[in-house]
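Once you scroll down, you'll see the structures, which are given as structure tokens.
Paired with chain B in one complex and with chain C in the other, chain A is shared by the two complexes that follow.
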Partner chain A sequence: MFSYCIEPDALATFQWLTCYLTTGVHFSFYLSFLNVLGILAVTAPIALSFGFFGAIAARSQIVPLSLLGKGYIAVVRGVPDIAFFLFFVIALDQGFEWLRHQALCPNWTDPIRQGNDFLVCPRAKLPLGTAPQTVHQLYAYGLAIITFALVFGAFAANVIFGAMLAVPKAQLETAEAYGMSQHQIFWRILVPQMWIYALPGLSNLWQILIKATPLLFLLGIEDVVYWARELGGTKTARFTSFPHGDWRMWYFLALLIFYLFMTWSSEKFLKKIMQKLTKGQDMAGTAMSTTRDFS
Partner chain B sequence: MKTILFSTVAVAMAASLALADGHSVVRMGTEGAYPPYNFINDAGEIDGFEREVGDELCKRAELTCEWVKNDWDSIIPNLVSSNYDTIIAGMSITDERDEVIDFTQDYFPPTASAYVGAAEAADWEKGVVAAQTATIQAGHIASSGATLVEFATPEETVAAVRNGEADAVFADADYLAPLVEASGGGLVFIGPDVPLGGGVGMGLRESDSELKEKFDAAITSMKKDGSLNTLLVKWFGEATAQY
Partner chain C sequence: MSCLETIQSYAMRSLGIGERLLPRSDFTLCEQFTLIGSGMIWNIYFGLMALCVGFFFATALAVAKSTTNPWVRKPAKWFIFLFRGSPLFIQFFFAYFLFLNLKGAFQFFSPFTAAWLGALIVLFLNTAAYSAEIFYGALQSIPKGEIEAADAYGLSGWHKFRRIIWPTMLRLAWPSYTNEAIFLFHATTLVFFSGFPAWQQRGDALYYASYFADKTFNPFVPYPILALYFIILTLIIISLSGLVNRRLNSHLPTNMRIQFKFRLNIIR
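After this line comes the complex of A and B, so read on.
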């Protein structure tokens, strides 16, 4: 990076650090922060909508739909995250490829499963074997986002399901007495009021989601924890111009600050939303106790 | 208008068909955390003995290769589900792995594994010994009299000895040697070297016999003209076993 970095051994500590912290591999580390933030920013709204529709499905009058919603909540919440991330993602990828294989290569005669191998025709591969590495990376991001959204959507569905039950019955009955249809009651009375009951639970989920990103490395995405571990590990002089001992502690300390900052700023943000959502709402009873933590 | 659109689609499809023909790009999966075999250099690229061997093999086999990093834990599942086409990650050829994937001939002679402890007196026979998960070394310790502690990365196995969590670490001697050398007496080789595995080969899907033949031929040619030995000496020193 800097012109004086050619002979790092001869440098004073400060200059050595400026060289060390601007190596190509460190830029991969800095970039991973943006990657993680980007994935979080996309995942959170998708997970929330999974949760919202999951909850609507679970409380539906139509039995198959309600079973589907309840099944989704129960099954996904019950499976350990790490198992989900190891097997579901590979299965999802193979599922996509299998569908493409059926559509694109109807005349293919070789079996798709040969022992342990999963082989679709080259045209059905996702991404194509010839695609540049960036496409593979984007595809991995896509799979990660879908998987995260599914897992956290199930938890969010349960939180929202409970929040919908917590809205005082009297509110809904009054709306009915005013002649509102079920549709109107749901969208105008129930949904606007359920958020304050859902928010504490959802904010927990958000914090857990932030901290779940190391699971991303199972999907081949190099997240902040992977790089901290990799860069902090002992480096001997044979393989780098910047040899150092076990510095993982310092790297993880930096991560700690990053995560604390994330927690602090999301708390502030959620407090703002909470104030907005509770505006004009009857704060008697349970609502009061839920909001107390936030005021 | 419709015909224009249709012909554009047809051309695009034909183009993607031509591109998708066979193994035009071979994706090479590695761990990137096992120097000198493979590691990430200062520039953030995959480097090491296997990087050089792999690039040379691809050149000789006239293949376009691309390097992919993957966690050791999931390196075999991702190969068999075709997320990349080869494993070139210091993986020893063993019967257990051979049941799941195929190996080329070895490009690194059968290796010695060694114990490293914090002092000469460390108990590698009955004490706590660290090894990386799903390696031949972990398998060996599990069947010996010592207590095995497993770690996901090689780095953590050595760190366990440094901080006293384990009495010794058991790993490829070639991985440990530079660390012992740089430790200034903090780490020492203890106990006897143990020969394990059938050499290091490139892992491929069992159904990919065409690619396997190409790489086998390229490895043979590198062994014949001595270029493999040159790389072995460059990365592992004069004392390493050669072909």
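After this line comes the complex of A and C, so read on.
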């Protein structure tokens, strides 16, 4: 990047580092941090809406719907989440391909599961074998985001379900006394008041979501973990003009600090919001806390 | 191979006892159940050891965090923040490469790069930090009256802590601590996906589950089996901790006892 970088072997340590840290691959590494932030920004609202509808389903009067909502919440909670991540990525992929297979190749007679293979007709492959590399990457991101949203949606559903129950009954009864319909009570009284009760839980969830992003690596995304492993590994002079030993420890230290900063700053920010929103309200028993256990 | 033979050859596979080669094709349900169950040995080992040792360190940390002396309080606070504020996954990676570097410098550190010790240390420090925060919260909410009563009886120092503060802290913290235990066991599944190598394919339950899922390209069998094992483990933990909870609350009328509530608490 700098003009003196042409002959790195001759440089002093500091200049060598400035050259080393501005190579092309390092910019991919820095970009992957933005990637993490981007995925957080996309996943959070989707997970929140999944959670909202999950909670509506769970408190529905219709029994199958309420069972579905409650089952969704319960199953995701009892099992290690990483198992879910590994499971959903394959399951979703196969599910989509199977649906496309049914729609696009109705005359296909071979079984889809042949021994240890999952074979759909070529036209149903996702993404298509002929698709460019970027489509493959986008598809991987899409699957990862849906997986995250599904798992975190269940947690959000749990929080929102609890928050809906926490809204004082008297508020709803008053609304009824004023002649509001159930629909009106839900949207005009319950939902606006529920958020304040949901906020401690949701901010907790946000912290957990931040800390879950390195798991993207397991879903086959070239994220911060991927790059830290790639760049940190031992490099010999044959393949790069910046040879170095095993520096993976330092790269992961950088990641550790990045995540500490993320959780620290969002904790500060969420505390501010909570203070602002609860000003003058009696919120006994719903104390703000970003710990996972006393929330 | 009958199912009994499969169990004989694979039940201890995760420890390196029995058949050396993993099944390669035509996986039976029995093989999947046996191997994934065999992997659970590691999950239970990691979880149990980290909890047992971490408990004492967590108590010390919680007490340190609630003292007034800043030289004691601040380090405890930073330690807790360090381990609670960063992802466990990254902690595993960092620790593994740290131990790898240390191993290059000192022979002493060579066992630390193996999962049984290296990952256990990370899990121990991690659960100590999370539990310390739980215990700290409990210490803050000990009823003033109990401490005043202890003072009035002339108890002080270690005696007051051992007889009054500690039991009450445990009683208040126990439901949350149970949650921590459950999710620590869930977190042990991360070990073999984060740098620490599964030597000779001796891995934990998730390691084998993903082995089967990769080989058969069918996630719908191994992962539900894993889920089943973990749900059983969770139920065992809940019932065991229920017994402890009863003992901790035995002096209270039933309506004043704190009940366990399964709370969300995932990835660390």
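One rule holds in what follows: the second predicted complex is superposed on the first by the 247 of 295 C-alpha atoms of A that agree within 3 Å, B and C clash if a C-alpha of one lies under 4 Å from a C-alpha of the other, contacts with A are read in each partner's own complex, and residues count from 1 in each chain.
Criterion: contacts are C-beta pairs under 8 Å (C-beta built on N, C-alpha and C of every residue); 3 or more make two chains touch, one makes a residue touch a chain.
Since the model is a prediction, treat every value here as computed from it, not as a measurement.
Asker: Touch check for A:Ser28: first (chain B), second (chain C), both, or neither?
Answerer: Touch partner of A:Ser28: chain B, not chain C.
Asker: Could you tell me if A:His136 is touching chain B, chain C, both of them or neither one (first, second, both, neither)?
Answerer: So A:His136 only meets chain B here.
Asker: Once chain A of both complexes is superposed, is A:Asp117 in touch with chain B (first), chain C (second), both, or neither?
Answerer: So A:Asp117 meets both chain B and chain C here.
Asker: Go through the superposed model and pick first if A:Gly220 touches only chain B, second if only chain C, both, or neither.
Answerer: It touches chain B, and chain C stays clear.
Asker: Tell me which partner A:Lys125 touches in the superposition: chain B (first), chain C (second), both or neither.
Answerer: Once the two structures are laid over each other on A, A:Lys125 reaches chain B alone.
Asker: Give one of first, second, both or neither to describe whether A:Glu230 is in contact with chain B, with chain C, with both, or with none.
Answerer: It touches chain B, and chain C stays clear.
Asker: Looking at A:Asp246 after the superposition, I want to know if it touches chain B, chain C, both of them or none. Which is it: first, second, both, neither?
Answerer: After superposition on chain A, A:Asp246 lies in contact with both partners, chain B and chain C.
Asker: Using the superposition on chain A described above, determine whether A:Ser66 touches chain B (first), chain C (second), both, or neither.
Answerer: In the superposition, A:Ser66 touches no partner, neither chain B nor chain C.
Asker: Go through the superposed model and pick first if A:Ala83 touches only chain B, second if only chain C, both, or neither.
Answerer: second
Asker: On chain A, what residues does chain B touch that chain C touches as well?
Answerer: Shared contact residues on chain A: 86, 90, 94, 115-118, 217-218, 229, 246, 248.
Asker: Which residues, counting only chain B, touch chain A once they are in their complex?
Answerer: Chain B residues touching chain A: 16-17, 19-25, 27, 32-33, 35-36, 39-45, 47-48, 66, 68-71, 73-74, 77-78, 80-83, 85, 100-101, 153, 155, 158-159, 162, 178-179, 181-182, 205-208.
Asker: Per the contact definition, I'd like the list of chain C residues that touch chain A in the complex.
Answerer: 25, 81-82, 84-91, 93-94, 97-98, 100-101, 130, 133-134, 137, 176, 179-180, 186-187, 189-190, 193, 206, 209-210, 213, 215-220, 223, 226-227, 230-231, 234, 262-268
Asker: Write out the stretch or stretches of chain A touching chain C in their complex.
Answerer: Residue positions touching the partner: 75, 77-83, 86-87, 90-91, 94, 113, 115-118, 155, 158-159, 201, 204-205, 208, 211-215, 217-218, 225, 228-229, 232, 246, 248-249, 252-253, 255-256, 259-260, 263-264, 289, 291-295.
Asker: How about chain A: which of its residues touch chain B in the complex?
Answerer: 23-25, 27-28, 86, 90, 93-94, 97, 114-120, 122-123, 125, 128-130, 133, 136, 217-218, 220, 222, 229-230, 233-234, 236-243, 246, 248
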